[in-house]
C-alpha cells in the first residue's frame, strides 16, 4: 500500500543520523522532525536564522520574533542560536548543514530538481531552495511519485524550470525509495505491498533495478 | 622652522572633522588623537576589531583582551563596540571609515604610496595598510619630507614596492601641507618660517605652486 | 561619540524621493521596519524599487506600499502571501526579480563590505543564471552576482543607542544586519533606544558606523503570520 | 543537541599530522589558542603551513613552533616581533607569504561560507597582485583572491558550551570567528566551558555548527605585548 505523507516523513527520518545538522523544507519535510529517533542528537537549522529549533510553542507563548522559514511560530532548545541571513547561508553554502530534505515538483534521473516555478502560473519564488540544492552534500527529496493528474514526477528530464542541477541524491515517495545514480533512478526499497510493476509504471525516468526479487519493502 | 612629530600630528588633527570615523596608523598618526578638537565628535577605529577607542588604561587596568592594532593596551569609550576582523575590514573596504591617516616611506606625485617593504631588508608585512589605502576615500599621509639620508620622500615615482596606487589625497610633512592633484604635489601650506625654496629643494616630485606669495603658513 | 539619533520617523526619512531603490529588512512580517513603511505610505513616494526578501501581506508590511501602487519593482526571494502583489505582477504593473535567498543576503553584505561582486553556486544551471557570467572553481560551477546599489536601507532592530549600535532579537534579525551600511543612508528603527553605555560593547550586533540615523519606533504591531502552537501536557 | 566537547587538548588535536595546513586565531598575542599551540609543540609535528595574522614573539605564541622549526610556511599580514622568525626567513628555512590583513580575514570567511574566491581592491597594483587575476568593476580595479584550504582551525574563545557555541571577548575576537568552520576540523578552546543553556541564543558570536571540537584550556597566560598606560589624575 502506498505511503501517506506522514509515512514518507517517517521513512526519511531513518536517513537522519546522529550528529546531523538538518534543514527541512516546507510540507512533508517539516513532518520528518516528528519521527527522528529519540536516541540520536540532531539539530534543525532554519534558513531565516535559527539553529536548534524545538517544537511549536504552547498557546500564549508565541513570539513574533521567533519563527521558522515557513513563518510559523517555534521554540528553541538549549544550545540554540540566532544569526543573520548571510551567516545562515554560510552554514548552507559552506556545507556545514549535513542534510537537506525538501519537496519537489519534478526530479530528473541525473539529479536535476524543479520545485519553484510553473510557467503561466503565479510564481512565488525560490526562497532559499536554490542555495540549498546548489550547496548541500546530501539532498533527499520527499514527494509523491506522481502528480495529481497521475503523471510521473521522476523523469528523464525535468519539464519545469530547474531549481538546481545534478544535486538530488535520494528520493522517498509514497511508492519507493530511490537513489540517483549514473544509470538513473536506482530502486532501493518499495512501499509495503507496492509491486515493482507499479513503481515501473509510475516512473518515467530510467529505473535501475538490481535483481527484481531483492528489492526489499521499506522498514520504519 | 620645520615641525616636529607632535606638530605634524597637531596640524593633521585639523583635517579631522565632526562626525568622522578615523583609522590611525602606527607612529605619527597615533599622536593625532591627542590633538583633535574637543568640540567635535570623532570615533577611532582600529582594524584589529574595535570602534570607539579611548586613551591608554590606568596602571593596573590593562586588559590583554583590549588592544589596538599597534598591540598596545587601550580603553574604550561609551558607545564602543568590538567585532571580528572580517567586519573590521568591511568598515574599511566599504568606505564606512571616513579618514585614514598613515605614515609612508615614499609618496609619488600621482598618489602612489610605498610604506611596507624595503628590498633586501627584513620585511615585516603590510598588515592592514594595503586594505586601507585601496579603499579609503580620504587618505592623509603623515611623514618627514625627507629620509634620514636627506633624500626627498615626495617623488615623481616611488622606488620602493608599492602599498597602493593613486590613493593618497594629502600629505603633511615637517615642512609643508600638500595635496595630490593631476599636476603633482600642490603646495597648500608651509611650516612656519619654512621657505618655498626649502620645500622645492626637498621635493623631488613635481611641485605645483599657485602664486608663490600666497602660500600661507600652517595654522594650528 | 558620533550621534545618529533623529527626531522621529519624519526626520529619519528626509531625502526620500520617488524612483529610489530601497532595502528593507525582515523575513515574512518578522523584523520589518514598520514605522518606516508607514512613513513611506504617508509620503506617497512612488516608482520605488524595493529589495526585500518578502513582499508582506495584503494589509501589512510592504503590502501597504503595494496597495497604494508605490512600488515599481520588487527584488525578493519569495512573495507568496500577497494577493494584491499577485494581481499587479500578473497584470504587468509590477516588475518582479526573484533571486535566491542566500544570494539576496550576500549581495547586501557585498555592498556593506565593499565587494563589487561574489561567486555563488546558487542558481547555476537555472534561469536565475541566464545572461550572467558563470565560472568553474575546483570542478564546481558558480554564478557571478553583483553587489546591490541602494539609496536607503530601512532596518528594524530590538535595541539601539545614540551611537547607532544595534542589537536584534531572535529571528527578527534575518536580513537586517546585512543591509546595514549597504545603502547610501541606513535608517534604523528600534523598539527601545537605550542610553549610550548600556549596551555591552562585546554584544553589539551592528556597530554604529554602519548606521546613519536611528530612532525609536512609535509602536510595533509585530504581526504573526502563522500562529502555530502545540497542546499542553 | 549535538555535543562537541572533547576530553582536553590531547583529544582535541587528534588527527594532527606533519605537513598539514593550520589556521590559528589571534592578533598579536591577543586571542591566540595557547593550549593548542602548546600541544602542537608537544606533538612535535613539523612541516606545518600556518595561516595566522602574526607569528607570535620569540618565546610565546607561534614563536614556540618556530623555535622548534615545526613551521614550513607562514601566511600572515605582519610578522615583525620575532627574531627567530627573521633569522629563519632571511636564511630561507622558512617560506613566508605576506598578504593584506583584510584579504587574510576574507579568505578565511570565504572558506567558512562556501565562496571559492573574492574580488578585493587590496593590493591592486602592488606585488601582492603579481600573477593574480585582476578585474575592473565600476571603474575600480580588484584582485581575485581564493578561499583558504586548511586541515585544522585553532580557535580561542572566551566562553563556550558543549554545543560548540562561542563568545569572544574584546579585541581577542579578531580572526577567530572568521576561521571557525573554515578548515576541515575546527577546534575551539575556551577560558570557560559553561553549561548548555547558559549562553543567550541571541548573543552567540559563533553557532556551534561551525565548531567540531571544544575544550576548556588548562590555563591562559594572555601575555600583553605593549603595556601602554596613562598616569592617574
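Think of it as A, B, C and D in the order they're written, each chain with its own count starting at 1.
Rule of thumb we're sticking to: a contact is a pair of C-beta atoms (placed from the backbone, for glycine too) under 8 Å apart; a residue touches a chain by one contact, two chains touch by 3 or more.
Keep in mind that what you see is a predicted model, and the values were worked out from it rather than measured.
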*asked:* For subunit A and subunit C, which third chains touch each of them?
replied: D
*From subunit D, which chain is the farthest off, judged by mean CA positions?*
A
*asked:* Taking the mean of the CA coordinates per chain, how far is subunit A from subunit B in Å?
replied: 56
*asked:* I'd like the Å distance between the centres of subunit B and subunit C, where a centre is the mean of that chain's Cα atoms.
replied: 36
*Where the centres are mean C-alpha positions, what is the separation of subunit B from subunit D, in Å?*
29
*Any chance you could list the residues of subunit D touching two or more other chains?*
109, 114-115, 120-121, 168-170, 201-202
*Contacts with 2+ other chains: residues of subunit A*: 50, 82-83, 86, 89, 92-93, 135
*Draw the chains as points, connect those that touch, then say whether the picture is a line, ring, star, complete or other.*
other
*Between which chains does touch occur?*
A-C, A-D, B-C, B-D, C-D
*Which residues of subunit D touch subunit B in the complex?*
27-31, 53, 76-81, 86, 89-90, 96, 98, 100-106, 108-109, 120-128, 158, 168-178, 205, 222-232
*Where on subunit C is subunit D touching in the complex?*
114-121, 137-138, 140, 142, 146, 167-170, 201-203
*asked:* Help me check something: in the complex, which residues belonging to subunit B touch subunit C?
replied: 19-21, 41-43, 45, 50-52, 76-83, 86-87, 89-97, 135
*asked:* Can you tell me which positions in subunit D touch subunit A when the two form their complex?
replied: 1-3, 109, 111-115, 161-163, 165, 181, 196-197, 201-202, 204, 207-210
*Can you check the complex and tell me which residues of subunit B touch subunit D?*
46-50, 55-59, 61-74, 82-86, 88-89, 92-93, 112, 122-131, 134-135, 161-165
